[in-house]
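Consider the two complexes below, in which chain A is the common component and chain B and chain C are the respective partners.
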Partner chain A sequence: MISAREKAIRYIMIVLWLVLAVVSLLISGWLVVEPGAISSEAISAFGGILLAGVGITIIVFNLGDNYQPPISHFLISILLLLLGGVVFLFFPDQGVALPNLEGDITAKLANLLLFLLVGFAGIWAGLLFFRENPAQNRELAVKYFTWLSVLIPLGVLVFFVSYTIIEGSSVINWQFISSSTNLMMGKVGIFPAIMGTFSLIIGATVLAVPLGVGAAVFLTEYAKRTWIRQAVGVTADCLWSTPSIVFGLFGYVFLVPRITGHSTLLAGQIILAAMLLPLTIATSTEALSSVPDEFRSGSLALGASRWWTIRKVILPSSVPSIITGILLGIGRIAGETAPIMLIAVASNTSAPSFLTSSFPYFQLGSLFREVDALPYRMYSIYKAGVGGSIDEAWGTALVLIVLVLMFYGLGITVRSYYRRRRGW
Partner chain B sequence: MINDQLKEKISPRFLLASVVFISFSVLFTFFVLFQTFNVYLFLLVVAGVVIGWIFYEDSTAKALLFAASTSAGTILILIASFLFIRGLPAFQEDPIFFIIGSEWDVYGEVYSLGPMIWGSIIVTLGATALAAPLGVSSAIFIGKFAPKWLRGILKPAIELLAGIPSVVYGFLGFVLLNRAIMDYFDISNLGQYFAPSIILGFMALPTIASVAEDAIDAVPTHLEKGALALGVTKWQAIKEVTLPSASSGITAALILGIGRAMGETMAVTMMIGHKTAFPSPLYDIFEPGETLTSLIASQIGEASGQSIDALMGAGLLLFFVVLALSVTSRLIQSRLQRRFRQG
Partner chain C sequence: MFNDQGNKEGILDLPNQTAVEIRNLDVYYGEENAIEDVSLDILRKKVTALIGPSGCGKSTLLRSINRMNDLIDGAKVEGIVKVDGNNVYSKGLQVSRLRQKVGQVFQKPNPFPKSVYDNVAFGPRAYKHHLRKEKGGLSSLTSFFESGEKSPIDGRHMDKVVKDSLEQAALLDEVEDKLHKSAMDLSGGQQQRLCIARCLATKPEIILMDEPTSSLDPISAGRIEDLIEDLSTDYTVLIVTHNMQQAARISDKTALLWLGELVEMSETEELFENPEKELTEKYITGRVG
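Let's turn to the complex of A and B:
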């Protein structure tokens, strides 16, 4: 049932839209006759308001009765509203809201905010006004607005990733990935940076994982008092939230003079391990304490020692969750620039190599030399001025994003796979 | 009799453990204090551990695990003490001028952090203004409104937002956002406070969203169900029951998000414009500026002598502010957990 009031409002809106449609037809006709009579800014501002209006109207019409509008209608109207905002935004000189402050930065910002505010207030009012039970309307409104607030960051994520893919995919080819830069031959390649990043990650993992998992085992299996757990938890938290540039500074004053006095791969590995450690401790502790106590008591009852129980029962049953945590952590440190910038990297170095053709077939010399790394490569392109080598930067960004997302995707897949398979 | 007890205590296991412990302590102390690494002591420690593993596997494992559990604390103490030792000289001469003075001039050798602290505050406030409402309301949607299958998609998707490296955020922001803002607002400078605070907002959002969601999740459902049984709508139950109970957890999330935004380095460094002076007027967010993190990142490479001291002072300040924020957040969280465990 539609009430008389709602009917009246719908009629008014329909009339309003007819007027607007006639006006826009007239304008376009006038433009055909006399080009340039109206500034393009005015037209686009008008268009922006028109689109936003359509958005608001869809909502109003959908909420007229007790019919629950599908979420897609809401999304379409929001899209139109935003589209209107974008059209409006590109030609901001027509200050609709605050026309007297044209050209002033604050006024433009205020214009933009006012426009968004008016639009959202319109939707809100539409949602609240046209339903019989205001409390239910409010719930619906809140539901859609919180949904929208998840979509905004996800939209940003999708936009950033797809923009990088579009810009970067034209740069990437086999030669870009598999060779090093050779300015004499006009070649650009990021092979050393890829190898450098992998050496940093592998070194950090080798150092951090035994320590982190060991700490977690001690906390869950041996430490009897809760304050020990809390103390380690707090220190791991503090370490986790320590700014990455502070890790860099620490490496610069502590590690560099103690290793060789200049930047080395080893220093970078150690600092990244220190950044990976707290996350490994946290996720492994969680994984180990989720192992049911029956596993422990069952093994102990059979006469196994505590250490034997840990090795043969507890660790194997929590390996998937531990691996998930480590993979997510690696995804996090693979892109870190600030900590390694001062202590491990230099641009245009050759790829680190640990294998030799003669006995003993490996060498550790590369540990004590500088490396190149993907995130640092991006930063050095920025520092040298983006203009000349922006293609290289997009290509590097794409490789870096793919690498990081690969670790994240792998971690999330392992987690969801084992969560489904796990028996407890 | 006393002799017998002593004999029992000084077992080979005890001797081995003390040899390993003492030699490791000496090795570590010399490494930290005198910058020397004694290979023979290191080999002694390794040999001791191997012998212990062969003869007393259980207790050696326990000892090694205990050592591992002290690693995080050791690193934190090392970071704090080295920053303290190296950063303190900058504060010693004139601490008040160093913190609130308005000049940072490398050539004139005048160092004060006022503009950078102000810049950090502006950028962090801007980022929080964006991330706090979006983050908390996404947490409400994911925790309360989303169906289960959607939740399984949205949570990792928000996690991915935190996974994009900050240097990529900085590059994208510099190429896309800085230029767009410059064109839109007709300003002459590329870098300003405004652009990085938007990007930082999106970088801090996942932290806020996931911690706030945990807090909302931790509220026992029987509270909300009780309210629903009285006939209120779901949103009324969330607003009147769940959110007030989760409020301290949400506060913890916001504090953690603020700490993340304040410590973020590369994105800010690439977008801010590097001008080590106060903006005029003070609230002008479209001027180029500098924050504590971007100051360190952009100047440490070329720094020497006195300016290294000043940068270390900046690092010390940053470290302790962020540390205080994260400890506060942790305390609030653990108090919340305790309350719900008892109730």
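Let's turn to the complex of A and C:
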């Protein structure tokens, strides 16, 4: 039942809505008669009030304890939430800005508040909706919520990537990708940065993965249920959450003086490997301990040694999950700028090269030289402010994303190969 | 000793009829005494069934023969377990050789996530690898114990080993055209027979079976029982079972364990028809347990 007070509030709300409806009719009529009579700011302010009104109404209408709101309230709130999000993201200066508030509350902040208000209304309605209703409605609500939690991150992702593609593709051409920057000749190229990031990722992975997987094998197969396992787990988590600039500082103080005294590719690889290591340990440990014990006992009972069991049964079955972990880590280190700024990168370096035309056809000299890297290049192009620099920063960002996606693609291919073989 | 002659017909009835000799065995899990002073003999090329209520130590006893108890944290074994006259808990023993000679089939079928072929070839390959790592390499196919016996497994004929093992496990007809498909796609019963084939591929002499049919449907279970009977002409089989009818059907000898102690062990028929101890009679007629 609804109390008298609640009833009164509802009547007031209905009256307010009627007034709003009449006002909006009048405004649209006025605009038809005399276009431009009302400033666009006033219109957007009115739209904002309308939007906020819906949110407040939904909350008020659902105040009653035993009241069962219809699903339409919930759906409308979700819709408004999305609409608010779109306005917030795409029209930062439109929406609810009240002109006389400019300076105190900016339009952007007001939009954010509106966004949160409508979101709150939606969640409120949703909660009430399935607090009272029978199981069938709850199922429906859960379905919409889960949909939403897929749609929102997916939408953000698609937005980021497509925006980068749109902004970046205009500067991407063969010259941009294949040559180095020469400001004297006014051309910007990121080939050294591509090769630098590539070398950093490969080097870090080569250093970190054997160590990480090895540690995981020790922890799961040899140090079962001991304090060492927990200690390493906690340490790995702490390392993983250590800010990357701290890694950079350590590299600068302890690594750089011991290698050449100046920034080198090798120092960058080592520090990025140290950053990648904790995640590799954590995910590999998880992967190895999810291999059923029946496989272990089955193998050992056939007379296989522990090492043979690990090599032939346990590692192959856990490769997919291990690769997933490594991919996550690569995604992180590929974009790291802070640590390598201190220990590995410099502008206007040539691309690292490990191949030579004469015997023995490879050389390691590049390991001990400075490199360029895509995230750093992005930062310095933007900072330098030459030419259409922001476009080139977008182009660099696009190349970085494509590079990371290439590693992902490779990893996913290997993973699905092992997954098909695994089939349990 | 595990020498080739020992496997051949004709020498069977010579004095060395005991495949496994257990004397005063105690197994502890931490403080808990899971097996208490058990002594029994398991006869060569016979099926011996271990029965008893849950938690009476049947599986523990089984695992102490191929030292799979080593894998359990806090497990401690005292007493003597002799396989072909050699104490399996002596220091110089190579556990992997022991486990090759004493195969085990588990309660739940546990094929590896590999192809059918690779599953069966797993044991022989591990064995070959093991030999290669030893002093002298493959040329010194030394024995399981120190007797200088040659390996019965010849890696050069892996195809034959695989096919023979599958044939012996009565599975070859069903999987011949999917040898290189994943073993995980087989049915539960087929998987269990694959596990038996995998075990046979290492040329064991003794096969330990830990309730091998309890996770299978009656028809698959029946096929496994038939298979066990066939296997008993060439192998010594020790089977743990909850199912007394199964014990009665397939075993030559039966032992009843109760709270970690051996109550009675005799010819299966005798144990079921004319038990010596009162507890045995109560258990097999379902009045206790």
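To be clear about the criterion, the second predicted complex is superposed on the first by the 238 of 424 C-alpha atoms of A that agree within 3 Å, B and C clash if a C-alpha of one lies under 4 Å from a C-alpha of the other, contacts with A are read in each partner's own complex, and residues count from 1 in each chain.
Simple rule for what comes next: contacts are C-beta pairs under 8 Å (C-beta built on N, C-alpha and C of every residue); 3 or more make two chains touch, one makes a residue touch a chain.
Here the structure is a predicted model, which is why all the values come from computation and not from measurement.
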{"item": "First (chain B), second (chain C), both or neither touched by A:Leu157", "value": "first"}
{"item": "Chain B versus chain C as contact partner of A:Val253, first or second or both or neither", "value": "first"}
{"item": "First, second, both or neither for A:Ser353, with chain B first and chain C second", "value": "neither"}
{"item": "First (chain B), second (chain C), both or neither touched by A:Gly298", "value": "second"}
{"item": "Chain touching more of chain A, residue-wise (chain B, chain C)", "value": "B"}
{"item": "Chain B versus chain C as contact partner of A:Phe218, first or second or both or neither", "value": "first"}
{"item": "Which of chain B and chain C A:Ser317 touches, first, second, both or neither", "value": "second"}
{"item": "Partner chain in contact with A:Gln230 - chain B first, chain C second, else both or neither", "value": "first"}
{"item": "Partner chain in contact with A:Gln175 - chain B first, chain C second, else both or neither", "value": "neither"}
{"item": "Chain B and chain C footprints on chain A, overlapping residues", "value": "305"}
{"item": "Interface residues, chain C side, partner chain A - complex", "value": "66, 68, 71, 73, 96-100, 103-104, 106, 108, 110-114, 122-123, 125-127, 129-130, 182, 184-185, 195, 198-199, 202"}
{"item": "Touching residues (chain side chain B, partner chain A) in the complex", "value": "31, 35, 37, 57-58, 61-62, 64-73, 75-76, 78-79, 82-83, 86, 133-134, 137-138, 140-142, 145-146, 152, 154, 156-172, 174-176, 184-187, 202, 205-206, 209, 232-236, 256, 259-260, 262-266, 270, 286, 293, 296-297, 300-301, 311-312, 315, 318-319, 322-323, 325-327, 330, 334"}
{"item": "Residue ranges of chain A touching chain C (in the complex, touch as defined)", "value": "224-225, 292, 294-305, 308, 312-313, 316-317, 421-424"}
{"item": "Contacting residues of chain A [partner chain B, same complex]", "value": "89, 92, 103, 105, 108-109, 135-136, 138-139, 142-143, 145-147, 149-150, 152-154, 156-157, 160-161, 163-164, 210-215, 217-219, 221-223, 228, 230-250, 252-254, 257-258, 274, 277-278, 281, 305-307, 310, 328, 331-332, 334-338, 341-342, 375, 378-379, 382, 386, 390, 393, 397, 400-401, 404-405, 408, 412, 416"}
